[in-house]
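These notes are about the structure you will find just below.
A, B and C label the chains in the order they appear, each numbered from 1.
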Amino acid sequence: MNATLAELAELTGGVLILPEGIGDETSIRGIAALVDATESDLAFYNNDRYAADLESTRAGALLVDERFPVAGPSRALIVVPDPSRAFAEVARKHVYRPPRIRMGIHPSAWVADGVVLNPQKVSVGPQAVVEEDCVIGDGTFIGPGVVISAGCRIGENCRIHANTVLFDDCVLGNHVFIHGGCVIGASGFGYEKTGERHQPIEQIGFVQLDDFVEVGAGTTIDRARFGRTWIGEGTKIDNLVQIGHNAVIGKHCIIVALCGIAGSACIGDNVTIAAFTGVAGHIRVGSNSLIAARTGVTKSLPEGGQYMGYPAAPIGEAKRRLAGFRRLPEMLSRLMALEKRFKDTEGGPADSRP
Amino acid sequence: MNATLAELAELTGGVLILPEGIGDETSIRGIAALVDATESDLAFYNNDRYAADLESTRAGALLVDERFPVAGPSRALIVVPDPSRAFAEVARKHVYRPPRIRMGIHPSAWVADGVVLNPQKVSVGPQAVVEEDCVIGDGTFIGPGVVISAGCRIGENCRIHANTVLFDDCVLGNHVFIHGGCVIGASGFGYEKTGERHQPIEQIGFVQLDDFVEVGAGTTIDRARFGRTWIGEGTKIDNLVQIGHNAVIGKHCIIVALCGIAGSACIGDNVTIAAFTGVAGHIRVGSNSLIAARTGVTKSLPEGGQYMGYPAAPIGEAKRRLAGFRRLPEMLSRLMALEKRFKDTEGGPADSRP
Amino acid sequence: MNATLAELAELTGGVLILPEGIGDETSIRGIAALVDATESDLAFYNNDRYAADLESTRAGALLVDERFPVAGPSRALIVVPDPSRAFAEVARKHVYRPPRIRMGIHPSAWVADGVVLNPQKVSVGPQAVVEEDCVIGDGTFIGPGVVISAGCRIGENCRIHANTVLFDDCVLGNHVFIHGGCVIGASGFGYEKTGERHQPIEQIGFVQLDDFVEVGAGTTIDRARFGRTWIGEGTKIDNLVQIGHNAVIGKHCIIVALCGIAGSACIGDNVTIAAFTGVAGHIRVGSNSLIAARTGVTKSLPEGGQYMGYPAAPIGEAKRRLAGFRRLPEMLSRLMALEKRFKDTEGGPADSRP
């Protein structure tokens, strides 16, 4: 990277504020976090948590927002509405190296006869496997070691990263992005008890991921018992999430790491589910809900609420419960004090314990 | 699929109830969920949660149970004791396409010299690896990208799905089913602290999975420090579960997604452990126990109980605690009201807070 | 294994106590857990949980500590300060078979032109992939099916086990040990909301694992948004752990299975984090902290404390809260009894419920 302060201010639409002796032709050679930055780097500051890092940073220039004191700056400042977003713009323009994707089928890959793809417009990486009856759209990247099982239909411009597995008959839209090590379309977890044995129930459905869905590393999405397990357009799923068979998740949701969505759960659109949250099977979560980390959702939730806790409660109520929980030792003392006083007053025992 | 209503009633042992104008020779062409079904599909209904879907379904025929009102039906009904099970029977007979397994060793697979297997009766998929000294029984399927490390002994009719890893010396019975992306037999997590460093303790044992064990996608089962980590016959483990070294799990258990069973824990037979539950190391969980989701089991549990909560408690007690938790804000108000009244009565301060 | 009791006592520095009729030249042929041991095996006992196993064991010799009653022994005893550690010494010397690593590049592996490695001193397993511009140090083992993406720099004597993925530009020190099925360096989970869509923020950083880091099976560590996600020297991470982008973890930490460390969290040195714990983004956990299982760390923690609960509290306070939680049903009864008595005394209603 090599850009002048003036160019960076123009790129980000920011106001450039310079200390004495520094000109707007000064060259910036890299971007870095506050703690790592050198005099030729650009960093950004938008969160008071990092005030100590700001004190000690050696960054040559800083992206800051309007709350930042700009009088007598000790280094170049570029004032923008959203420093993080502006930093991302600089990264995208000056630093980001798009992944090197080579079109064509790698000689070590194995692609079955009869797979429908244009070998000039698709990338199939080393040691990858594409089984019978698959259809793969132009611009799609199949990474090293990926296994695409029989009958999958994959749209255009998808990226399916290393060592991911797609089992039979998965349907992917366009621009679907699957990180490494995912398992999509394994049989759902369904059994009938016959005597003492658990007999597997055949899982004859499939998984459908709509356009712009993203699936994080190590995440598993089971095929439907029948019909489809379905992730709606634009939904982003983080790492190590489990999605059960026949779950339906709406559009533009965010599901953070280590969540579990049980079978046949139905999540609306624009729902955010923070880490470690579980959603029980066969329930509905309304659109535009926000669910805090570690929530256990055991009953259906209406649209637009914010929930927290186990069992899930509206966030205000959940916080009052947690506040009560934190005060439990004190509450117990107060209860005992009252009992004692009452007993003293009454001249008899106030203790109701058995 | 193409079956008449009469044939479906016979297959499921159900009672066929027809609306006027519909004959028992009417043809059914597919099976589907209520929301997806068309006029030529069979669906099933056994859960009031789906009453709204029942209202709007276009299904041509429904499997229902005896609680369903059958007078003046608007579509064909087949009344059976268990609609879900009957639906599975129809799926198995008319829809299920058994996986296409080709016997033989794929030319892109790598099988070490001296592995004991019958290449006409075993399937080793593309890009798979089978290392030295393995023994693989007839009818067993090793999927694409699977790695079977040295010294594994695998029984008959097992299915080990894509990109799973078995490390050295695993022992599998017959009919063991391992879903994609599992890691079986990695070194256990054991260290000795020497000064500030954690020195790994050699993990020289192995993993044993008995007949009909099933292991879900992305699940990890560590090899024993010595002896074996052992999963008993017929136990079914869901996705993204962690089983620590030297854990012993009995027969016909169910362990749902995102659970963790720590090292040397010992679980009896017929135990069900719901999602997100942790079992601490070196404890015993008695046979026929039922453990609810999100439970933290930190002490041994006797046989046959039902447990919930953190720390785990018998389910009735755990529910009373949760009920108390939900009422904490109210309890605090009531406590304060009592204190105030007492103070008013007494003419002095009732507050015992420090 | 074939060692005399005298040899084992010498190896472990223990005191040998023999029953009548057994000589110190008696041969021991194996090691085993109490429950599995035969008359020719050595076992160990150091935990009262296993008293029942001790009763029934057939072990020919036992490693025990000084608390063990040694008068009139029924089998050979070797008294040592730490039976578990002594057992590990015996295992290391007499039983442990070091993994069979063959140096060289397997013919089925694919290594890009221009990768810097010494093919006589590096092991690249079957079906592995090493992409462009990688540097791999001597003594390093790349297991079967592993994918090393472009630009990774890996030190000496590392072991990267089967089906692991390292994405672009990862930096590994020496003696780094990565178990099977890990995904290191996938894009972090970061989006900007533009209208209703979540636009990915380019993640242009990398992952750095310092010397002697160990990463458990199925664990995922995301690349940094910029700069590095950084795991310090000697830190050991268990299976199925998620580490977010730009997280920094110090030296000699222990992170147990199924934990999640969110983006930009900063963990000090010598921190132990037990299973199922979550650490929120952008917070700091001081060195030498101990965090119990299932803790939710939502605010920064100072050095050297012990924490537990959700939200995290110092362990004494957290235990008092849990004790209160367990007594909630009783507290509610006592509160109601007080209200009733007060009402009786006062001659009026004491109930403050709305």
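As a convention for this text, a contact is a pair of C-beta atoms (placed from the backbone, for glycine too) under 8 Å apart; a residue touches a chain by one contact, two chains touch by 3 or more.
What you see is a predicted model; the values in this text were computed from it and never measured.
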Inquiry  = With touch defined as above, tell me whether subunit A and subunit C contact each other through largely the same residue numbers, more than half shared, or through different ones.
reply    = different
Superposing rotation of subunit A relative to subunit B, computed on C-alpha atoms, to nearest 5° = 120
Query = If you average the CA atoms of subunit A and of subunit C, how many Å lie between those two points?
reply = 24
Task = Can you tell me which residues of subunit A touch two or more of the remaining chains?
result = 108, 127, 145, 163, 181, 218, 240, 258, 276, 325, 328, 331, 335, 338, 342, 345
Key: subunit C contact footprint on subunit B (complex, rising order)   = 108, 110, 127-129, 131-132, 145, 147, 149-150, 163, 165, 167-168, 181-183, 186-187, 189, 191-192, 196-198, 200-202, 204, 218, 220, 222, 226-227, 240, 242, 244, 246, 258, 260, 262, 276, 278, 280, 282-283, 296, 310-311, 313, 317, 320-321, 323-325, 327-328, 330-331, 333-335, 337-338, 341-342, 345
Request  = Under the touch definition given earlier, write down the residues of subunit B that touch subunit A in their complex.
outcome  = 31-33, 36, 47, 49, 85, 87-88, 91-92, 95-97, 99-100, 106, 108, 125-127, 143-145, 161-163, 177, 179-181, 212, 214, 216-218, 234, 236, 238-240, 251-252, 254, 256-258, 270, 275-276, 293-294, 322, 325-326, 328-329, 331-332, 335, 338-339, 342, 345-346, 350-353
